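The block underneath contains the structure these notes are about, expressed in structure tokens.
The letters A, B and C name the chains in turn, as written, and every chain counts its residues from 1.
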Amino acid sequence: MAEVVHMIDTEVFLAFSTYATIVILKMMLMSLVTSYFRLTKQVFANIEDTTLVKTTEDRKKLVRLDPDVERVRRCHQNDLENIVPFVMVGLLYALTGPDLSTALLHFRVFVGSRIIHTVTYVMALPQPSRGLAFGVGLFTTLSMAYRVLTTALFL
Amino acid sequence: MAEVVHMIDTEVFLAFSTYATIVILKMMLMSLVTSYFRLTKQVFANIEDTTLVKTTEDRKKLVRLDPDVERVRRCHQNDLENIVPFVMVGLLYALTGPDLSTALLHFRVFVGSRIIHTVTYVMALPQPSRGLAFGVGLFTTLSMAYRVLTTALFL
Amino acid sequence: MAEVVHMIDTEVFLAFSTYATIVILKMMLMSLVTSYFRLTKQVFANIEDTTLVKTTEDRKKLVRLDPDVERVRRCHQNDLENIVPFVMVGLLYALTGPDLSTALLHFRVFVGSRIIHTVTYVMALPQPSRGLAFGVGLFTTLSMAYRVLTTALFL
């Protein structure tokens, strides 16, 4: 067990664990935002879910699409497409032994870019704000992938 | 290599590997269920896939949506949104050195909740059964994330 | 830190890091392909994105679905459903200490199958080409999961 404790104790790995967990929690928050909008706006994907709200409407009509719900779901999907690669590449990156300051820069920029991305998406702020936030996050992950490939290349 | 073997030999990490693999296999099963429904109900997302079945119908009409297929796909999507965070947070959690019994409780409750979630979703059981299964799984991952952040916090 | 460097220095783990990063980059490429199609074909999911292109059309009409964009998005979704499990199971597999040649075989076959899958999907090549590529990738991940469960089983 000594080695495992040792590993989780390197500062780069501790920093990775912290920022990865924060950004995963941010991603999971989208599920709750979706549920909140579904319940308050009475918009459902399944007929059995309509029993969760009191309504005088025909329940079948509550199974429908809503622009706000779909917006949150697109934001969640974009998180899956970007945060999951960040965590997977970031884990390998943390194991290549980068400088702590360089690693922290990557983790902080990525997490910041995704929080901004979520705000710009959910509030529908004018472009290119969301595009830039997406691009900065993508570039951060690519930079870590470059380090993994140049440090660990074994084909 | 000694350290790696050592790491995979800690009981918490072995338990994590076992339960993570089981729940990932459950998630991958959804792909096969979708394929099964697409082939038996003759419902496709791509025109080139319609050649996989014998039919007398106009093949373009087989590119359509079907409630049963969409239900399985929503269940699969919910797995991606919940099981992937569990595995990523769970890996970090396993490395924080929790008690074996506490770790096992988290892993078992999560895997159980997701199996129940799948059954309630695919069979369209009355709410709040699916909502509860979803909530229990979410809470388990949040509990592990809390341990990671309180043990490894490095901002 | 010694153990971490040691871990990333085992050949199986280096090979895993390399192939996992390559296939994650392939998955991330789908985001860029989607953006490229959206901008060149002027097809958007959000009203605020329509300001990214010059057009004489009513901007609300640019928020629409397009078969080519949807095809790339389905390919991306299939990547999420298959590449993410590969990386997560593959990490655990690499830690079970498999033979280097066996591990390389798994990693190479999987990455090759997903590149072929993408080509067959985006170019809409006749079935069963895409189905076979999907099946080979799935089988590779299942084979790694089998090794994890038989080596590390701890319920």
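Here, contacts are C-beta pairs under 8 Å (C-beta built on N, C-alpha and C of every residue); 3 or more make two chains touch, one makes a residue touch a chain.
For clarity, every value in this text was computed on a predicted model and none was experimentally measured.
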Equivalent-chain rotation between chain C and chain A, CA atoms, steps of 5 degrees: 120
Same vs different contact residues, chain A with chain B, by half of numbers used: different
Whole-Å separation of chain centres (CA-atom averages), chain A against chain B: 17
Multi-chain contact residues (two or more partners), chain A: 3, 7, 13, 80, 84, 88, 91
Interface residues, chain A side, partner chain B - complex: 1, 3-5, 7-8, 11, 13-15, 17-22, 24-25, 27-28, 30-31, 45-49, 51-52, 76, 80, 84, 87-88, 91
Footprint of chain A on chain B - complex, ascending: 3, 6-7, 10, 13, 71, 74, 80-82, 84-85, 88-89, 91-92, 95-97, 124-128, 130-131, 138, 141-142, 145, 148-149, 151-155
